[in-house]
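Shared between the two complexes below is chain A, which pairs with chain B and chain C, respectively.
On to the complex of A and B.
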C-alpha cells in the first residue's frame, strides 16, 4: 500500500510541470471556442445592453436608458413575458401530469413488442424537428381546410375554430403541440425512475394490503419526486426558450398572442435593428431563466423526497 | 384471488388504452405520409386519409422537378451535423481527459467556468454572436453553423463524468510503460467510454439535424440551407396552394429519421433520456 502511494506521488511530482502544460494544451481548443463563442458574446451582450446600437453606426453609450425603458415603457414586453410564462408553466405541468399517468399505467408491461410500439408512438414526435412539426400542425389546425375543425364539426357540430388565427386560442394551440411533443420524453424518463425504485418498498406496501392506487400515490410518486423535479427543470428551461413552433406557425400573431421572449429578442435585433435594446432584453431573459431554475431547486425541498 | 385477477384485467385494459392513445399521438405522421401520396387534385379533400389510399408520387415529382435544391439541403444538413459531431467530440474528449485524468492546476476552475455557461440560452447571446460572425465574414456560410456548434459544456461534462469512473491506476500504469497523454487518451480511455460516446453522437445528431434557430439567423441563400430551414422557406416560396407538395417535402425529410428510429429506437430513447437524468 505504502509503496504504491509513494510511487503515485513520485510519478505525479516528476511530471507536474509537464502535465500542467499538457493539460492546458488539451483544454486549449475547448477554451478558445468557449471564450470566442460563449464568454465574449455574453460580456458583449451585457456591454451592448447599455448602448444604442443599430449595426451601421458604432454603439453609443446611453447608460441605463434601455433598462429604464424596459421596466417602465415597454408594454409589449410585459405581454411577451406573460405569454412565455403561461406557455411554459401550463405546458410543463400538463405534460408532466400526462407523462406521469402514462408511465404509471405501463410500468408493469414488460412485453418487448408492446414497449416497442409504445416507444414508437409516444417518443417519435420528440425526435422530429420542431420546424417539421410546425408545418404538419399548421395544416391540421387550419381554420377552413383543417382536419381538426373537420372532425369537430362532424362529431360535435362545432363552427370552425381559428386555432392559430384567433388570439384567444393561438397560445393554447402552441401549448397543445408542446404537450403532444413532450409527453413521450417525460414518460420515459419517469418510467426509468419508477423502475429503479427498490422492490422492497412495494413488498412492504403489499404486505400492508395497499391497493394499486394507494401504492402509486403513497409509494411510487413520493419516491419519484427527484425525477419529477429534474424533468420539470429541463422542460421549463426548454419551454422558456420556445422559438421554432410559434415563429413558423403564427409568426407571433395574432396581435402578439403567441410571441415569446426569444422571438421578441429576435424581432428587436434583426427586424427593427435595435441591437442595444435587444441585448438589454436578453440580459433580463437570461437572469429570469437563472432565477426560475434556482427557485425550482430551492423550493424543491418542500416537496421532493431524497433518500 | 378474484381480486387479483380482476386487477390484472383492469391493468390489461388500461395498457390497451395507453396503446390506443399512443396511436392517436402518432396520427399526425400517418396523415402526413398519406396526404403526401394523394393526387394533387385531392390535396384538400376531406375527410383526410390516415393510411395511403393512393400511392401517387406526383407531389414528390413536383418537389424534385422544382428549381429548389432539395438534395442540396440534405447535403448541407449532413455536412453541418457530421462536422459538428466530429469536431465537438474531438474537442470535448481532449478537454474531458485533461480535466478528469491529468487534473492540471486550474482544471477545476475551467470546469466550473464551462458549467456556469450551461444555463445560457443561445437565443440570448445570438446578437453578439451574429456581430462576431459578421466581422469574421461568416454570415450566410455553413461554417458559421459548424464553429458555433463545436463547444458544448454539457458534452464535456458528460464525457468527464464517464472518464472519472475509470480508475487512475490504468492511466498510471500506462504512463510507467512510457505512453504519453495523447496515446493514453485516444488508445486507452476513448475505447473505454464507447457507450457514452454513442449516447453523445445520438444527442448531437438529434440537436443539430433538427436545429432551426441558428440556420434561421445565419443562412439566407437557398444553396446553403439545411432541411429544417429550407423546407420552411419552401413553404413560403410555394404558397399555401401546394399543401401536399410541402407535406411530401416533410415526409421526405422525416422518413430517414423514422427508419433510423425503427431500428435503433431502444438506444435512442435510452440515450436521450439517460443523458438528461445524469446531467
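On to the complex of A and C.
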C-alpha cells in the first residue's frame, strides 16, 4: 500500500510538481531572508567595491582603483591585518587549550555541585555584554588609576604597566580579555563532546590499566577532535571579526596597535565615509575568512578522528 | 426597517470617512535631538509649549543619548541616505559644514533676519558658528565655552586663587598641588593629579592662540611652531612634571574630579550638572589659562538645522525658535546643562548661583574662538585623538606625531576636494 502511494507521488526522477511547490513554500521564508539579508547585500558589497561611494552622492564607477589602493598603497591595512591574525590565532589557541583542560578537569570530578559551580563561574563572562566587559577591564587595566597596577605595585613593587597604552602590551591585553571571555563557552562545547564519547572506550582503557593522563591523551582528546574542530572554526571566525572590546578599550590605539579589520572597515565606512573602499576591504576580508575556513576543514583530515 | 438601518449605517460610515479630512490638516514636524535624560525633560517641555502655541502642528520627536558628535553626524548622514531623516535636526557646530557640504541643510538666513528682534538677546557669536559662506544654517540651542573647573578646597590649601592666569601660572599651581598632596614615594596609582589632558588638543590650542587648522578650516596648520609648543606643554605636564595621568580611552575626567583624584579640569557648563549629581560641592570656575597674548577660550554651539527635505519651513522654524527661547534658556540656567543663550538668563541668579565665578562663561564668550569644525570633522577628530594618544603614550615623538597628523589631515581634506 505504502509503496503504491509512494509510486503515485513519484514522477520522473524525484517528485511531482505539487510536492515541489510544497517544498518551495516551506523553504520560501528562509530563502527570502537569505536573499534579502545575505545574498543581495553581499552582491551590493561586491558591486560597490568597484566604486567611489560617499553614501550621500551616487556611486561613481572607478574600476579596480580601490583594489589597487588596497594592495599597493594602504600600509595601515597591513598592520591592521597582522593585528587581526595575531589576535585570532593566539586567542583561539589559548582559549581552546584552557577550555580543554577545564573540560577534562570537570569531567574527572565526580562532585556534581563542584562541577556546576565551576561551569557557572567560567561561563559567566560569556553572558555579560562585551561593552560592560570592555569598560570594566579598561578601568582595571588603567595605567595610572587602575586596580591591577595598584596591586602590582603594592604586592610586587612594580612600576605601572601600560596595559592599554603601551603598544607592546595593548594587543595582548585584548587577547587576555578575549580568552577570559571565551573559555567558558569552549569548555561547555568540549564537555558535551566528552559526554558523547562511548563509555566502552574508557572501560577498555581501564582494563588495559591506562592512567588518567593516558586516557585523556589517547582516548578523550582524539575522540574529541570533531568538537575541537567545530570550536576552532566558530572561534576563529568570531575572532577575525573582533570589534567591540578593542573599540571601547583602546579605540584602536596606541598607534593602531589594537585596530582590527572590523574596526578598520567601520572607520572607513562611517568615519571617513569611504563606503566604496570599505566594501573593497570587506570583500577581501570575507574571501580571507572563507579561505581560512576551507583550510581548516581540509587540514582537519589529518588530525580529526571521527568515531 | 432594514433598509432604513442600512441607510443610516451607510451615512455613518461616510461621516466617519470624510469628517477627519474636512478638519484642519495637521502638520507633522519630525525632530531628531541628542539629549541626556535631564535634557530630554527640558526638550519635551519645549515641544509641549510649541504644540500649545501651534495646535495645528504635531512634533514627532526622537531623542537619543550617549553618542559623541562624530557618531551623531554619522547617524544623521545614514538616516538621510536611507530616506528616514527628520525635518529638524540637532547638530552642533562640529557637523554643520558637512551637512551643508552635502546639501542636507537648507539656508535659513531670511528667517533669522526676519526674527532679529526675537533673537536680540542671543550673542552674535552663537549664530556665527552656523554661518557657512554667506548663509546661516542653524538656530543656536545651547552653547559651551571652556574654562577651568577647580577644587576650591585643594586650591585654598595651596593658597592659589585663580583669576586671569597664564599657562605658566597654571602649571605652577599644579606644581603646588603635586607638592602638597604627593611625595616622591607616592605610587602613581595613588597620586592626586593636577589635571587631566583632554583626548583632543583643541582647547589648549585656542588657549595658546593657535589651531590645528588654518583660519578658514580648509587645511592643516600642524606645522605652526605654536602647535608644537602646545603639544610640548601638554607632554611635559604628563611626562616631565607628572601633573596629569596618561589619558586612556575610558578616562572619566568628571569622575576623577568629583572624587578628588584630580584638582582641576578643562570643561564647559554642560558638565556642571554632573557635579551636583555626584554631590560634589567644592568647585569653582576660572578662565582658561592663556599660553600667549592671542590666547582665548574655545567655544562650541549646538543648534537646530532644517533639513533640505523639510516641506513646512515656517512651522519648522517656529519649532527651532522655541528651542532658542528665554524659557529654554532659563531651564538651562537652572540645571546648568549649557551656557544659556539669552543674556538675561545667563546673568540670572539661577545661573550665577551655581558657583562664585559662573560669570566667566558668558564674559569669555564674545572673545572666544570657535572649535575647529571643518567639513571633515569626524576624520579630524580621529586624527587628533590618535595623535594625542601616540604622544602621551610615547609611541611617537611630538615631531613624528605632528608629521603623521599633518599628512592625514591633508588626505582627509583631499577627499573633499580641498
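As a working rule, the second predicted complex is superposed on the first by the 269 of 307 C-alpha atoms of A that agree within 3 Å, B and C clash if a C-alpha of one lies under 4 Å from a C-alpha of the other, contacts with A are read in each partner's own complex, and residues count from 1 in each chain.
Just so we're on the same page, a contact is a pair of C-beta atoms (placed from the backbone, for glycine too) under 8 Å apart; a residue touches a chain by one contact, two chains touch by 3 or more.
What you are looking at is a predicted structure, and each value in this text was computed from that prediction instead of being measured.
Enquirer: Once both complexes are superposed via chain A, do chain B and chain C end up clashing or fitting?
Expert: Chain B and chain C clash in the superposed model.
Enquirer: For A:210, is the partner it touches chain B (first), chain C (second), both, or none of the two (neither)?
Expert: Neither partner.
Enquirer: Does the superposition put A:160 against chain B (first), chain C (second), both, or neither?
Expert: After superposition on chain A, A:160 lies in contact with chain C alone.
Enquirer: Answer with first, second, both or neither: which of chain B and chain C does A:250 touch in the superposed model?
Expert: In the superposed model, A:250 contacts chain C only, not chain B.
Enquirer: Kindly classify A:56 by the partners it touches after superposition: chain B alone (first), chain C alone (second), both, or neither?
Expert: second
Enquirer: According to the contact criterion defined above, which of chain B and chain C contacts more residues of chain A?
Expert: B
Enquirer: In the superposed arrangement, which partner chain does A:150 touch: chain B (first), chain C (second), both, or neither?
Expert: Both partners, chain B and chain C.
Enquirer: Is A:132 touching anything from chain B or chain C once the two structures are fitted on A? First, second, both or neither.
Expert: first
Enquirer: By the touch definition at the top of the document, which applies to A:270: first (chain B), second (chain C), both, or neither?
Expert: In the superposed model, A:270 contacts both chain B and chain C.
Enquirer: Considering only the touch criterion stated at the top, classify A:70 as touching first (chain B), second (chain C), both, or neither.
Expert: Neither partner.
Enquirer: Would you mind checking which of 130-138, 148-156 or 256-264 on chain B runs into chain C after superposing?
Expert: Stretch flagged for C-alpha clashes with chain C: 130-138.
Enquirer: Shared contact residues on chain A for chain B and chain C?
Expert: Residues 55, 135, 139, 145, 150, 154, 248, 270 of chain A touch both chain B and chain C.
Enquirer: Where on chain A is chain C touching in the complex?
Expert: 55-57, 135, 138-139, 142-146, 149-150, 153-154, 159-160, 162, 164-167, 248-257, 267, 270-274
Enquirer: Within their complex, state which residues of chain C touch chain A.
Expert: Going through chain C, the ones touching chain A are 70, 74, 77-78, 80-81, 102, 104, 187-191, 193, 245-246, 248-251, 256, 261, 378-379, 382, 385-386, 389-390, 392-393, 395-396, 412, 415.
Enquirer: Per the contact definition, I'd like the list of chain B residues that touch chain A in the complex.
Expert: For this pair, the touching residues of chain B are 7, 11, 14-15, 17-19, 21-23, 25-26, 28-29, 31-32, 35, 44, 46-48, 90-92, 94-95, 97-99, 102-107, 110, 113-114, 117, 119-121, 123-132, 147-148, 150-151, 153, 156, 172, 175-176, 181, 185, 206, 209-213, 216-217, 227-229, 231-232, 235, 243, 246-247, 250, 253-254, 257-258, 261-262, 265-266, 268-269, 272-274, 276-277.
Enquirer: Which of the residues in chain A end up touching chain B in this complex?
Expert: 7-8, 11, 15, 19-24, 26-27, 29-31, 33-34, 36-42, 44-45, 48, 55, 102, 105-106, 108-109, 114, 116-137, 139-140, 145, 147, 150, 154, 180, 183-185, 188-189, 192-193, 212, 227, 230-231, 234, 237, 240-241, 243-244, 247-248, 261-262, 265-266, 269-270, 275, 278-279, 282-283, 285-286, 289-290, 293
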